[in-house]
Amino acid sequence: MTLRNTVLGAVALTMLAGVASAQDAVKIGYSIANTGLFSQAAPSQVTAYELWAEQVNAEGGLEVAGEKRPVELIWYDDESDPAKAAQIYEKLISDDEVDLLLAPWGTPHHLNVAGVVESHGFPMVGNTAASVAIREVSPGNVWFPTSAIPDKVGPELAAFAKSEGIGSVAILANVLPFAQENLQFLLPALEEQGIEVKMNENYPPDISDMTSLLAQVKASGADAVIALSYPADSFLYMGQAKELGIDQPFQFLLVGPTISAFQGAFGADADGIVTLGHWSPHQADWERAKPFYDAYVAKYGFAPDYLDSALAYMSAEILEAAVAQAGLDHEKLRDVISTSTFDTINGPVRFDGVENVETPTAFLQLQGGEMHLIWPGDIATSEYQNR
Amino acid sequence: MTLLQIEKIGKSFGGLRALNDVNFAVNNGETVGLMGANGAGKTTLFSIIAGHQPPTDGIVRFKGDQMTGKRPDQICHAGIARTFQIVRPFARMTVRENVETAILFGGARHASNQPLEIRAKDILDQVGLVDQSEMPSGALTLSGRKKLEVARALGTGPELLLLDEVMAGLTPAEVAKMLDTLRAIKADHKLTIFIIEHVVSTLSDLSDRIIVLHHGVKIAEGTPREIAENKDVRTVYFGGDDT
Amino acid sequence: MDLLLSPQLLFSALVLGSLYALIGVGLNFVYGTIRLLNIAHGDLVMIGAYAAFGLFTALGLSPMFGLPLIAGITAMIGAGLYFGLFKRQLENTTSVEQLEANSLLLFFGVSVILQNTMALLFTTSPRAYQHLDYVISIGGLDMTLSRLLALVVSLTIVFAISMFLKFSIYGLGISAIIQNRDAAKIVGIDVGRVQLGSFILGFGVAGIAGALVSLTEQISPFMGFPFTIAAFVVIILGGLGNISGGIIAGILLGFIEIYSVALTSATYRSILIYGVFVAAIMLRPQGLFGKAQT
Amino acid sequence: MTVLRSDLAFFAGLAILAGFGLSVGSLFGTYWVIVALNFAMWIALTQSWALFSGLTGYISLGNVVFYGLGAYTVAVSFKVLPLWVAVPMGGLVAAVFALMIAVPALRVRGPYFVILTFGISELVKYSILNLETYLGKSSRLLFGAPSAEAVLYTMIALAVASSVLMRLVKSSTFGRGLVAIQGDETSAETVGIPVTRFKVMGFTLSAFIPGMVGGLMALRSTYFEVLQVFNPFISFTIVTMAIIGGSNDARGPILGAAFLVFLSELLWSSAPRLYMILLGAFLIAFVLLAPSGLVGLLRKYGEGHSK
């Protein structure tokens, strides 16, 4: 039984829960990029929201200052258009009069929606926005639990590479913002670590063949490949790297390998690929991590996206904990979210300003079909292995 | 007085020589016929005069001014109007609007203070289309469309009218009517007419002089009677049997 | 410079080019010949890709054996659209401009419906499967089997189609219609049947292209648009309705893309592709292989 | 006299619409400000499209390039130039670009022109994407932009300006020339219409307002990203609205924009899952039932009454 934004859902919920009437449901709104440019990314986030809502309702509802109330999700399609997302949040707040908000997908959407929630003083825990630009958002209304912010990723990646004895790298970068922002911080960090950049090439988002790029990578003789890629080109890279026999022991892909379709397409061939991500179900210190993973797989039949699904779920957990403490009052909620430490599937989270200062910037590696944290050492679930 | 002067006009399409060293003049007030078999280069010559195609060699002069190198709209403003063998009305406009457009943009816009609509109606009346004024131009019959070509050309207020087979495809009765119309508008608008026509008798009937093109070369020029008796013309035009 | 001469690059150019040719051929049937601005073409490629994915994951059937079935599915969609939407349009609309405008809108609607229906049925999550991804090495040339098969299948189909058009009655009918629809009617060609044939062939070929794409790319309901663009670029370069011109243009585009990237930088890939395209139309508005109109 | 009366009706209708748009915020709240802004934006874009493509029959499938160039101009000059300079400058940049490409592009006719314009807009998109990468600016932040109301008021002004412009051009000699070009380009030359000059002028004129619209819309997003503002679906939507409304009359684009904006407004919130599918179905039904657009329907209705 999935509970969605339909009236039917609310009715079914009343019958199921039996505790409270539909009027008492806590309405939680968000927009998703159901269509358009970002639509491929949206399901990772939405599945996590829906799983969370189902779990909460199965346990009798969301605890609102001591009282359990069912949750009802209300969402609209923002067509991957940030301006439309802003319009939707305006509607959610003033028209649908939702009690709580969850975040839309992606940096542009977060930043656009930030203006709307700020003007209403409505708190929103963000998730899938990773850019230095998020620090421009005035603190107090929107919080970003991610630790994959480019100015941290660059130095960490360089340090990690150094620690594995990498002396030189070949870099491929998509020209889209997240990749370029990472490149911008990676290059000085590599220099600082004394790692030589043997090749540094950009490519457009609609690239359809990487043969000549990869031939250059091969010819460069670099110790490692760092591809600052998006999902579609991560895919292209993997297929063609295999064809051309790219055999660098250290190969990093920025976004893509955490999606289950990627692992499904390449199987054992993808083993050893390193990627960006700060969550893994194998980290036993985070007690909620494994149960989340299991519940997700049980519900959907495939693994969650280690980045977006985990972040989306975390943001809901934070909201849940904050509401339990502060109720639905926006003022109190803002206060609690800003000051408390939250226990999530990704371990403790605490915000300073808009940023999560607890979760370290980390990297994952595919090992025997499992995604392991391999950097930094204190949260690692496995040792880095050469490909 | 010479109105139109054709000097050494030549035109090549790739290797094909469509016109070769053509020279002649059309005088003010004349009706001159242009005759020749299919592919003789008649329409090409019209297109060169009206500026739709540049000649490969030679010069076209109108009232002494060089026309070659000017755009069709400039040539129109100089006082030359043409019709098309394959009619080209302005689709999506009524018959009246077609003529109004010609009046608006042709050289004669300020020639009269009368409202556009009245002037267009006058012209349509002359060519016998006034009853179809409000019809979409596409709905006209072939003879109607041929008349519209003439009316539109008249609308631009020309001194020289180039008529390209305005009677082709018409019934004998319609041809007779068109001949009357052409004579009437010529007198009324003080026009000089240069006309291409397939049917020799019609052309002879109308023209003061006739020029004959054959494979892009002018082979004869003279009064209809002279042309009818010209040996070269008889050979190439009325069949080689006579020789 | 060694790179430019490597067989690896040549192979990639052929794979990409033959796929462009295949996608272009499909659109040429619908747009080139009967002037329906099919901006849903890439969405049929998407349907073909999902069909291949579905056959493989649900039944374990290799897309290579499933090709006729996949082509059948998209061809049926084509036939359905012809009878449901376009037959009347083609019969009743007199001006080409009106037909183009209306078909643009109709196909826009079809595209939106196809994309979103697939999103509703299968979610927007990207999908992929592992199949035929062994690498074969022949004399220093490494080829992924799926890419090699994509090349072979694409070339076979475009070749077969151009032969079919050259030597069959249907092919004559099509070229007659391209030149003059009314005249074609007069000489006794059943224009309706030829149009239906164009839909079936065009959509069927799009489905096959989709199956081949699914072997090497991740698929999602909104993946079609770039293929639509590529198809338009190809058939415009080749000359509208010029089937063999389109095939050559497709392969040429693959070569331009691969070798220009190798010569300059991947950064310029899209600029080069569209730059060549824009320059080609401006300089030769009738397509690279079209005859100049007088 | 009928001409005068219909003029009066048109301008009165436009004034009422604009007045309503201006007061929508105080009547219904912020949400409807955004809806009104969308509506005004589409009117301005579609009206400008119709000014050239509707009148001449040169169907452009790349008008997003003007919108995008305007947006880019404002994003680049944000906090450098005052907005009252930057936004008109966006229009100017778009118009200058149109002027530059007009002569070679407008030699191409029919389906080739349709795809050429699309190709040009993609070419510019990727060129700017590369330029931004080269400049090290993968994205730009536009914090501190004016309020939605301020943007709405300006947008309404643009919508009105584009509608009035379309009306004026349509009834002018220039407009008559453009329509003649659609009818038959060679004939148009023959009756003295400077065809190339008219096409270039029309094309340039039709780029200016979209450039300003793009500039304004850039202010609505805090985050400027090239792929967003050069999204080809903007071009598609413009053409769709123009065809739905009818594009050789200033009423058409308003009707077309109204139809699509309010239909999608009605659908997206009530059926979020099926909304796009329903929208597609409506488009198809529309073409089948009213192939000559809303203005065509209106005219038929009018004729039915006057007879």
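Residue numbering begins at 1 within each chain, and the chains themselves are lettered A, B, C and D in the order written.
The definition used in the following text is that contacts are C-beta pairs under 8 Å (C-beta built on N, C-alpha and C of every residue); 3 or more make two chains touch, one makes a residue touch a chain.
From a predicted model like this one, the values you see are computed outputs, not experimental measurements.
Participant: Going by the stated contact rule, which chains contact chain A and chain C alike?
Facilitator: Both-contact set = D.
Participant: Taking each chain's centre as the mean of its CA atoms, which one is farthest from the centre of chain C?
Facilitator: Between chain C and every other chain, the largest centroid distance is to B.
Participant: For the chain pairs C-D and A-D, which is connected through the larger number of C-beta pairs in contact?
Facilitator: C-D
Participant: Counting in whole Å, what is the centre-to-centre distance of chain A and chain B, each centre being its mean C-alpha position?
Facilitator: Centres of chain A and chain B (C-alpha means) sit 75 Å apart.
Participant: In whole angstrom, what separates the CA-based centres of chain B and chain C?
Facilitator: The answer is 48 Å.
Participant: Based only on mean CA positions, could you tell me how far chain A sits from chain D in angstrom?
Facilitator: 37
Participant: Just curious, how far off is chain D from chain C if you go by their C-alpha centres, in Å?
Facilitator: Measuring from centre to centre gives 31 Å for this pair.
Participant: In chain C, which residues are in touch with two or more of the other chains?
Facilitator: Expected reply: 115-116, 267, 270.
Participant: Please list all residues of chain D that touch 2 or more other chains.
Facilitator: 126, 129-130, 133, 273, 276
Participant: Scan chain A for residues touching two or more other chains and write them down.
Facilitator: Residue numbers touching two or more other chains: 34-36, 175, 202, 204.
Participant: Graph shape for the chains shown, where an edge means the two chains touch. Line, ring, star, complete, or other?
Facilitator: Other.
Participant: What is the complete set of touching chain pairs?
Facilitator: Listed in label order, the chain pairs in contact are A-C, A-D, B-D, C-D.
Participant: If you look only at chain C, which of its residues touch chain A in the complex?
Facilitator: Contacts found on chain C: 3, 6, 8-9, 11-12, 15-16, 115-116, 119, 123-130, 133, 135, 142-144, 147, 216-218, 220-222, 226, 257-258, 261-262, 265-267, 269-270.
Participant: Provide the residue numbers of chain A that touch chain D in the complex, in ascending order.
Facilitator: Chain A residues touching chain D: 5, 34-37, 75-77, 81-83, 86-87, 90-91, 94-95, 107-108, 111-112, 114-115, 131, 133, 136, 175-181, 184, 202, 204-205.
Participant: Please give the residue numbers of chain D that touch chain A in the complex, ascending.
Facilitator: 29-31, 34-35, 38, 126, 129-130, 132-133, 136, 138-139, 141, 143, 217, 220-223, 225, 227-228, 231, 233, 268-269, 272-273, 275-276
Participant: Could you list, by residue number, the parts of chain B that touch chain D in their complex?
Facilitator: Against chain D, chain B makes touches at 50-52, 71-73, 76-77, 81-82, 84, 88-93, 97, 100-102, 104-107, 137, 152-153, 155-156.
Participant: Please give the residue numbers of chain D that touch chain B in the complex, ascending.
Facilitator: 173, 176-177, 179-180, 182-184, 186-196, 248
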